[in-house]
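Going by the order they are written in, the chains are A, B, C and D; count residues from 1 in each one.
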Amino acid sequence: MFPALIPLIPFVSALLLMLGWKRLSRIAVTVIGCGSIGLSAFVAVLIAIQFAAGGEQAIVQHAGNWVEAGGFKTGFDLRMDALSVVFVGVITIVGFLIHVYASGYMHEEPDYARFFACMNLFVGAMLTLVMADNLLLLYFGWEGVGLCSYLLIGFWYKDPANNYAARKAFIVTRVGDTAMAIALFMLFQFTGTLRIPEILQSSTHIWSKGDPVITWIALLLLGGAVGKSAQLPLQTWLPDAMAGPTPVSALIHAATMVTAGVYLIARTHTLFELAPDAQITTAVIGAITLVLAGFSALVQTDIKRVLAYSTVSQIGYMFLALGCGAWSAAVFHFVTHAFFKALLFMAAGAVIVALHHEQDLFKMGGLKKQLKGIYWVFLVGCASLAAIPFVTAGFYSKDQIIWLSLSAAGGHTAFWLAALLGALLTGMYTFRLFFLVFYGDLKTHVHHRPGNSMMIPLYILALLSTIAGFIELPHTLGHVTLFSNWLLPVLPAVSVLHDSVAMEWTSQALSAVLALSGIGVAYAWVVWRPKGMSDFLEMPALLWLRGFWSRGWDFDKLYNILLVYPFVYLSRMNKKDLIDKLYTSLAALMQWCHNVLARTQSGLLRWYILGVVLGAVAILSVLIWRIYI
Amino acid sequence: MILLVLILILFFAALLSWIVGVKSHAGSRWIALCSLLLNLGIVTGVWVNHPAGTGRWWYQYRVDWVPHFGISLHLAMDGLSMLMLALTFFLGALSVLISWKEINSRVGFFHFNLLFVLCGITGVFLTMDLFLFYFFWEMMLIPMYFLIGIWGHEHREYAANKFFLFTQAGGLLMLLAILGLYFVHAANTNVYTFDYFDLLNTPMDPAMARWLMLGFLVAFLVKLPAVPFHTWLPDAHTEAPTAGSVVLAGLLLKTGAYGILRFVLPLFPAAAADIAPVAMLLGVIGILYGGMLAYAQTDFKRLIAYTSVSHMGFVLLGAFAFNEIAYQGVVMQMITHGISTGALFIIAGALYERIHTRNIRQMGGLWLRLPMMGSAAMIFVMASLGLPGLGNFVAEFLVLLGSWQANHLLTVLATIGLVVATAYSLRIMQKVFFGPCDRQYNMPDLSGRELVIIIALVIVICWLGFHPQPVLNTSQQNIDYVVR
Amino acid sequence: MNVHPTTAGMLLAGVLFVLGLISILVRRDIIFMLLSVEVMLNAAGLAFVVASSHWGTADGQVMFIFILAMAAAEVSVGLALILQLYHQLKTLDSDEAAKMNG
Amino acid sequence: MSFVDFLSLGPLITLSAAGVATMLMVAAWRNHRIIYSCTLIAFIMAMMAVIPAIKYIPHTYPPLLVIDEFSLFNTGLILVAGFIILLLSFNYFEEREERKEEYYILLILATIGALVLVVSRHFMALFLGLEILSISLYGLIAYLRARERSDEAGIKYLMLAALSSAFLLFGMALVYAFTGHMDFPGIGAALRQAGYLPVSVMAGFGLMLIGVGFKLGIVPFHMWAPDIYEGAPLPVAAFIATISKGAILVLLIRFYQDIHGNDYPMLWWMVAIIAVASMFAGNWLALTQQNIKRILAYSSIAHMGYILVAFLSGVQTGLEALAFYLVAYFITSIGAFGVVIVMSSSLQDAETIADYKGLFWRYPWVATVFTAMLLSLAGIPLTAGFIGKFYVVMAGVNGHQWFLLFMLVINSVIGLYYYIRLVAVMFAVPANGEQTTVVPALPIAGNITLVILTILLIGLGVYPTAMMQLIQQMMRILV
């Protein structure tokens, strides 16, 4: 079994779909599009088993050279180790489910083939990203997913708004990529290679802990990560990215691509361990982001934007975990988040379709009766997102992060408090959404019920987002550590400082209480006393605050004023290219000289004689001057 | 000998296609196409099985021309020249193909000029005698002037004159430098010769070396073009017919880069090293300034033209980074830029044929009508913003990787250029192919001929992106030499 | 005061020459212009004669003969042209003969 | 007078005889064709006469004349140029109704004057040659009596020429007064003896420079050039542009060499300033000029400037460059005028740019020739002009005249503009409206001449070696 097959299959199918274009029938497209992902999922599982059985550090396949120039050498080397297996598994399985769902969701779409081509391309690129053995190949995947995200956000290209969103996404992430590229240059400069394992093991020899160079490198890598994972300060693109079709939001902007940053940091964790400052920065960014995004999610009116902000916030948790050195916890949260966030998005998609592409929360409501199945899976998803204790996967993963943010080596009380606040907010916005959609009285009538192709993936994901939690239980209850053990060969165990059961209990209890109270507030807000609440919310101060939050804390405005407007203004000003003026004026000068001289050619004999005489006078006077003075 | 043949084929094909063109248009088209394909075949043949073990220079050919001055007809081919020639004939053949429908007036004379330009370019890439170099350098201008001036768009004469004067001014300075070098060498060795190999490592005092080097450099910077000598380029590219733009962007600019690699650095290593920071700075300014201008343009071809300014900045940056990785990147960049920009110009031309405007404000939503052209455009736009998997990425990455060793700050700025590139590249797609389609064009998508052209280009750019090794290996020897 | 005769002669020639120059500048009538040119030529001739007397050689005087001959030829052609011009312009004002300029 | 003397003066004597003969013939019987062919034969014989003379060089006629490689070379050059101009003349005058015959007499006389200048090494010979040239030129310029501009040009040239020769003479007188010599070597020796340059001699040189400068048409004595070119019959304009200037230039070189001009920086500076001024003035004036004749006049002013750069470089290469440039310049400008002649109708000369719009699509061949000539003037490869310019720049670099060279470069760029503008006009695509079907046939003789010139032009541009070697031998005696 070749690991190379896993990304190759989607790539090939993408190529087929592109070439096939209009000629392929819908069925064929569906088969190729979904089948390929299924196939690569299958292969992935096989290889995972083989890997688990083999028990070596990693399966590495060298699939040919890429660039080799003057001591710089990279190839298409694919690597299967514990970390990649987790990511590959999630990407392929969730990806497969989403594809199946999409085949139902998009079936009216005329440009069906293009959609699946891009989706497959994306999966291929994403797999390359997480399987890359050298950073250049990783960068290849990194940019590839960026491209696909661009293509899919702007999938409905007729609406300029979508294109702007797509462009924004690409450019903002590109800013991060630039930082990452520079990090690559530095790494090559110092280690002489871009192979990840070599870098990781040589790094400890090259740099001492806290060396400024490594700090710079780590920070630059972090820059790349925040770009892709929509963290502060580059988080602004994700909410707009919801312009894309819902399966896209589910796959790219919830489950997989946006967590690439998490993967990158986890992958290069050694470097971050060498650079404490960078690591703390990561944690701080995570903490701040999760709170800010939480507030923003609280006041959104567009169902998908709520989920988008919640995604940002959840990834904030992961970054927090990474910052605290709780590597496996971060990855664990990635897994569960992939499940329930994909679930939520697709469920939301189902609702949207049911209401004939209505995305405004306040035009929904009372759908509990209408859409039974979706109601239940949605509930499961929300529960998991809001981390309802004991039964949901979300609870275990998030709780682990909350606890470690306090107790881990890199932890801090402030982080802990932020995480708790986040838990409260999560509860509130999640169930505000839930109640708004399913309770209250019917506002828009349901015109179309989702078919099996859409429902079955939902059920499966619902199941996953419930049971997935049980592979890693805190030792207060059960103490199962399958997951972290699995990752142990790649990611070192977190070093817990003050490891007291009592404190852990309190932390868990607290988070649980907060989550539940959040739900309570949401219930009161939406269902129990909508009137009073709304009166309270109509207060001018609050009104402004809500606007401010819903605009994502006006980061867009800030960046526009600081960067976009100046650049656009300057370039518009200079459209004609000032430097050209230099030359045109030179030409004008020549013309002027011509005009002046042409006047001397008056045609009058006397003038000409005068010219000769003046010449004579000049020559003689020069003589006199040279000789006598 | 084979080298001379390469030039002569083009020369006679040029005359022939002119003569035949009077009678039959198709005839001259076919003659032009065949001659170029023939040359392409020869070059690829050379590439595949060049005499092994001959060291850096695969072929040499030398006869006296004006012994009185020590001028000889001295041609030689190494990896670099070979690559450039391959590019030349490839793009040349394509530009004949794209003119197939576009050029209907004075077809014979058109192909005469086209082939003559290519002939001159071939000479420039092959010659190892400085006089001869200048000779070809000047020789390719006139036909180019005609290509722009006769078959161009509205402001063709202005553009043609500008192009001509700029390049001539640069060229004359180079002439001074060449002669200066000639006499300096003669003063030292009493041997009066223009031969490249004799003039290499001529001992001279630093001040002299600096001036001579500047003489060469300016000529090449004008051609490259580097800010602030770039203003001829947008006009020329915009006004030229599609084939002209392709040849300009794909080949003529490369002669400047080639000149830097072939002459400036080896002839005046020390002086070049002194000027390096300034040159790199110019390169970076080019990258950012060009990008900014490109972002502002509303004329499709003009936009692409400014992207060339931006891309050639990388060449300048890498050429003066003085390390092998950067040089490899430069060579790659020369080739990939030729391909990608050429392709964009071809697409622009194809669009112009269909909707008779270059103003992107009047475009939009064309994807609906022209999905194939759209996808092609998407690929090359992505190439120009340096997407991995396409040739330009390899080139730009290597350049930056190399120049990072030389100068951190400038490299960072250049890398920021990638963001700018993203901005203007995506703008192309958005304004032209995406968005609402208000006007009801009904036009055919890519015809078979155009499809062949585009597919050829796509294959090449992807091949360069995924397996650039052959190219890198070919330029290897030469680069070792330059670095030394 | 006694000036060396050669110098004196030269000065005289110079003065004549300048006189001719001035008059050609101030005159507009072509005939007079021609005359003043003749004056200048003769000034040159005088200079030659003076010089030759200074060196006691005949060259200068031979030269003077040539000058006279040439002046004669010139005047003859000149007058012919002037006549021609007069037929066309009906005036001898040189400023009228300014059709070509720029 | 010995046999050798006869042989060495062969060309001169032949032409003089021819002059007399033609005069008598015209008196006897006017016939254009016959006189034309006689003149042709005379020129051919004169050219033949050069060959035997080669055997006996150097041969001097103390004190007046000297026949050496240099003068013989230029004699040949002038004769060939005259011959070609003669070829171009026939149709031009055939189409015009005036009496044609005297033209040929005057042409022969003018050529004689030029030849005398070339071989002279003495003030008297100089003066005689100059005046023979000038006076016959008065006649030639004003030859087309029907044309008002022709007379105007004649008058202007006469006045200015007389004035300048007055300056020249006075200058000579001053020099003579100090040195006591009128032959160049004598002057040189005397000055060497004196060891310095007294003000009177300096002034003398200055005044002579005016005389010479006027004939060369260099700033500030250039103003006549455009008017004369415009007014004169085209072949005559070609004659003035090439032969008269060339002859004077040759004289200047000889004089400069004999008096060891390089020893006196003053002289160098005077000429240098004039050279730079000429370049700029010429090119600026031509920049947007609409009349082809005037453009050629201005460009010739600029080219004189370029030539002076070679002249000033003060190295052997400089003189070679100068000679080569002269050859290239002769070919090119005669070619250019030839095209204008061929294009001119009997009614009026084709002198405005408008007459050449889209020429390439009507007369591809003529347009190609004209393009070649213009490119040669601009110094673009594959033409003699390129090699010439290259040679001049080479000389400049060799003599380290960096300042002059930069001026030259700048001016070449300015110059390019108007040459290329003309080319552009010729290639301008005619609008669909105008019909380009009916095109009158062009005179055969003229076309043949153009063919010859173009072949020479390209030949020198591609393989200049032979000419270079010839020139090198010719220049040997000057150092």
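Keep this in mind: a residue touches a chain if its C-beta (ideal position, glycine included) is under 8 Å from a C-beta of that chain, and two chains touch if they have at least 3 such contacts.
Keep in mind the model is a prediction, meaning the values are calculated, not measured.
> Between A-B and A-D, flag the pair that has more C-beta pairs in contact.
Greater number of contacting C-beta pairs: A-B.
> Where the centre of all protein Cα atoms falls, which chain's Cα centre is nearest to that point?
Checking distances from each chain centre to the full centroid gives B.
> Please report how many Å separate the Cα centroid of chain A from that of chain B, as a whole number.
Going by mean C-alpha positions, chain A sits 38 Å from chain B.
> Could you give the separation in Å between the centres of chain A and chain D, each centre being the mean of its C-alpha atoms?
About 79 Å, centre to centre.
> Between chain B and chain D, what is the gap in Å from one C-alpha centre to the other?
Computed value for the inter-centroid distance: 43 Å.
> So how far apart, in whole Å, are chain C and chain D when each is placed at the average of its C-alpha atoms?
Here chain C and chain D have centroids separated by 27 Å.
> Name the residues of chain D that each touch 2 or more other chains.
Chain D, residues with two or more chain partners: 155-156, 159, 163, 226-227, 289, 417.
> Among all residues of chain A, which ones touch two or more of the remaining chains?
598, 601, 603, 605, 609, in rising order.
> Got a list of which chains touch which?
After working through each pair, the chains in contact turn out to be A-B, A-C, A-D, B-D, C-D.
> Can you check the complex and tell me which residues of chain D touch chain C?
Residues 123-124, 127-128, 131, 134-135, 138-139, 142, 145, 148-149, 151-156, 158-159, 162-163, 165-166, 169-170, 172-174, 176-177, 180, 182, 226-227, 230-231, 289, 291, 294.
> Which residues of chain A touch chain B in the complex?
Per the touch definition, chain A meets chain B at residues 18, 21, 64-72, 136, 139-140, 143-144, 147, 150, 154, 157-160, 163-164, 166-167, 170-171, 174-175, 177-178, 181-182, 184-186, 188-189, 567-568, 570-572, 574-575, 577, 579-580, 582-583.
> For the complex, which residues does chain C have touching chain A?
21, 24-25, 28, 33, 94-95, 97-102
> How about chain A: which of its residues touch chain D in the complex?
590-591, 593-594, 597-598, 600-601, 603, 605, 607-609, 611-612, 614-616, 618-620, 622-624, 626-627
> Taking the complex as given, what residues does chain C use to touch chain D?
That would be residues 6, 10, 13, 17, 20, 24, 30, 33-34, 37, 40-41, 43-45, 47-48, 50-52, 54-55, 57, 59-60, 62-63, 66-67, 70, 73-74, 77-78, 81-82, 84-85, 88, 94, 97-102 of chain C.
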